[in-house]
Amino acid sequence: MVPLLVGLALAVIAQLFLAPQLNAYDAGLVLNVGINIILAVSLTIVNGFTGQFSIGHAGFLAVGGYVAGAITYYTSIAIWGNAETHGGLLSSQSLNADTPVWYLARGDVLFAVAVLSGGIVAAGVGYLVGLPSLRLRGDYLAIVTLGFGEIVRVLIQQTSPTAKPQILRLADHPLDGQLVYRWTERTPEGLKTIYTAVDDTSPLRLVTRLGGSLGFADTPDYTSFFWVTLAVVITLVVAFRVKYSTFGRAFLSIREDEIASEAMGVDTTKYKVRAFVLAAFFAGVAGGLYAHFKSMNPNEIGFARSFDFVIMVVLGGLGSISGATIAAIIVTLLPEWLRFLEDYRMIIWSLALILMMIFRPSGLLGVREVWDLWLKPAGKKPAGPGSGGAVGRSDPPAQSPAAASGGTP
Amino acid sequence: MDQLLQALKDSITVGSLYALIALGYTMVYGILKFINFAHSDIVVIGALFSAVAAGAIVRLLNLPAGEAPPWWVGLLVLVSAMALCAGVAFLVERLAYRPLRGAPRLNCLITAIGVSLFLQNTGNQQVLFGTDPHRIPDLIANADPLFMIGQVKFRPLDGVIVGTAVGLMFVLNWLVFHSSAGRAMRAVSHDHRVASLMGINVNRIISMTFVIGAALAAAGGFLYALRYTTLTQPADTPWALLGLKAFVAAVVGGIGNIRGAVLGALIIASVENFGAAYLDSGLTDVYVFAILILVLLVRPGGLLGSAAIEKV
Amino acid sequence: MSIAAARSESNTQPLAADAALHVRGVAKSFGGLKAVQDFRLSLAPGTICGLIGPNGAGKTTAFNLLTGVYKPDAGEIRLAGRDITGLRPHKITRAGMARTFQNIRLFHNLSALDNLKLACHLRTRQTALDAVLRLPRHAADEQEMTDRCLRLLDLLSLSHRAHDQSRSLPYGEQRRLEIARALATQPKVLLLDEPAAGMNPQEKVALREMIMNLRRTFDLTVLLIEHDMGVVMNLCERITVLNFGQIIAEGPPAEIQRDAKVIEAYLGG
């Protein structure tokens, strides 16, 4: 409970005192960093802790983002007749004369519910994706998650443009003067313009109207320093508490040696799925935050986006939460500072990835956290878990000749 | 009826393309047990190089408009693309993968992703292929169909694609199952340690596997370029999807199994083409991955593969 | 001595219902290779039994069948009367049978203590929610695990290694740690795959003492694969001999030592 209160306090401070100091561009950058931290840390739970390899994390970001975005957008229209923000002080983008008086307003409740729903739906999808592929050992998860990310992208591209509200001005139309959605539909007689009263439109007719290849841009902007800080703190607290508990050991043991883990009574499939679902949930939440800050666009949720998160996790050290956090900050900010290198950005990251695997296979920190470096000086004795060479189960230690020669395979 | 025949024809043509690419995935997986994510980028290099090289040769020949270049131009482009890709794959294996021999598979997978990103983004540089789409000139006279059944045209290009692919597969079949190098390759894929005890140079065999796989991928890229003519930049999504489908084909057929890769490629191409013809053409990728999930659920080892037993 | 008494008692094999572990007709083949055929075993509670045989005889395969790593093609495995045939390994461990591995399979990057605590996980009482919210049950459960694992480490003289990464332990200690980890799952039957491999004569004597102590302390039934005949003959009350996947002899050590088929298998192999 204490970290949560501290997080809440931090979030309020960030919103009230830090946000007003920054210009819009820098503020956007900070929010982006926060969202990427959530994604990198959540991916660490799968790729770092359990040693599985998911490379479709952007797919969960998309699921969460579109679900949350659709909920706030269409619910806002149904309640208020428009898709503006109806939040309080804590979700305002800028503090100025027309800043609301209340800290939180009804819009914030809607936003929080929407983001959580995005996370829950992403977790559900994660379960469906993870269950068939996590039963199997090996690299199948990589392929399935990659394919999954692509399917999500393709499906979103197939959706129709968003339904926009308007007051109908058609004298001979029965809905004249009412708030309606307008969209075109392909019918046997050709394209037809449809008007339906906002109050009478079933949600089922709206779920396929997510912007298609044009993107989903009209979501209200609720994502503020407050919400992002809060989400980052909750993600970090959950990740740490999971890591340093019996469940975290179960995750790590799968990474270390799946067969031994199973032999010690760990239901490895169940735990792999749990890790995957947890990661998908947080990715969905991050997507929800992203959707209410920038526009969702199917072109930005493909492989390339997923690989960004993979790079963050690998650079930070597979299994290190603080490492992933630092890597998320660096990978997000560095290109901003090194604009002149823009053309070579991906070449540099890819070389870093290759060289890292050859010379420092467990990433910068391995499974250790930053403070392990100070607590137990490196060089003396391997500190926390993971300071050694490799990511997964590495070669068995040198065995005596007798052990090597004896025994039946 | 025509629709059925058309879908069948496309399945076979596209299937043989996929097969050439899938073979590289399955061979490398068979021998090193990891997904060579960079394989699709080898295909890209093959395709884009073919386009650039063919364009240059055709310009040199200064042919009158509308006339197809002589037959050897295609062959020359194909062979040089195969040589180039083989060289690139050799270097990749030597520099990036070999230092990781014996490392956990996850590390190899990450490296492969790194190599893939590297090849893509290096290829994207203006000095190489750049970000503008490329077009391969017509290398064969393709206007008149060889023959027609109903309204379905069987063009010379279809024959060239299927013929080249089948020819190369026969060569590969001989190489793997009837040559001493192939025997060594199968031995290594069975057990590295034992193979090396038998006097097989394991590293050389692994290099060879990469080189052969890349040459086939280059041929796949060349044929892809002939069929789809407009080729987007190396880091574009369609390329990754192409590689992914070929990999799915390898998994469906039974990863590590060479004949399985061909079978899987034909299945995946059929799913795509029949799905596009009879269902929704926008969702072909969805069908392909649905098939993948289905196979993983029902028969994880693939159609012709057997579930591997892990030694404890 | 008590061992002698135990030996005379265990001369008669227990019935299926009374046995700590009862195996009947278990078979497994890989492709065309019949790795194990008609494997049978009956361990009386509290005994130490051996499984021996030349290299490639199928001993480790038999272990893998008992512990669920492989699914048997045929046969029946009962643990304290309960049918565990074909269950997944984690369920078998939960049912009360734990093992060590011939090629040590510790969680190399975790500390010795964490290796043991992981093995306690199957009997944990906390839920994920307890852990995330750090509810009292989490603290109590973790504390109890730590205490129990520290006692186990102490019992196997590994206390000084509790916080060392398990990969940094010397070979002999790694072997002991694996045994400790198996014990942390609170098994009734313990399977040891070549516990004495790579040990020097003094260490082997100590190992023998240790296994007998552990049996007494934890009321264990032990089945071990071992190549060192000194260890097997001095420690085991009954021995099963495998060759080419088939049982060629079964009985107390004295009989096994005289058995013509066994001698032939070892010398002729």
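Order of writing sets the labels: A, B and C. Residues in every chain begin at 1.
We adopt the following convention: contacts are C-beta pairs under 8 Å (C-beta built on N, C-alpha and C of every residue); 3 or more make two chains touch, one makes a residue touch a chain.
Predicted model only: the values in this text are computed from it and were never measured.
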Pair with more cross-chain C-beta pairs in contact, given A-C and A-B: A-C
Identity of the most central chain, Cα criterion: A
Identity of the chain that, by mean CA position, is farthest from chain A: C
Distance between the centres, which are taken as Cα means, of chain C and chain B, whole angstrom: 48
Chain A and chain C: spacing of chain centres that average the CA atoms, whole Å: 44
Distance from chain B to chain A - Cα centre to Cα centre, in angstrom: 33
Sequence positions of chain A contacting 2 or more other chains: 259, 393-394, 409
Overlap residues in chain C, where contacts from two or more other chains coincide: 60, 69, 101
Two or more partner chains touched - positions in chain B: 312
Chain B-facing residues of chain A, complex: 51, 53, 55, 132-133, 135-140, 142-144, 146-148, 150-151, 154-155, 157-158, 259, 302-304, 307, 310, 314, 318, 343-344, 346-347, 349-354, 357-358, 361, 390-395, 409
Chain B - residues contacting chain A, complex: 33-35, 96, 99-100, 102-111, 113-118, 120-122, 125, 235, 237, 240-241, 244, 247-248, 251, 282-283, 285-286, 288-289, 292-293, 296-297, 300, 310-312
Chain A partner contacts - residues on chain C that touch it in the complex: 53, 55-61, 67, 69, 88-90, 93-94, 98-99, 101-111, 114, 117-122, 124, 126, 128, 131-134, 138, 141-142, 145, 164-165, 167-168, 171, 174, 181-182, 184-185, 193-194, 197-199, 225, 227
Contact footprint of chain C on chain A as seen in their complex: 1, 238, 241-242, 245-247, 249-250, 252-253, 256-257, 259-268, 274, 366-367, 381-382, 385-388, 393-394, 396-403, 406-409
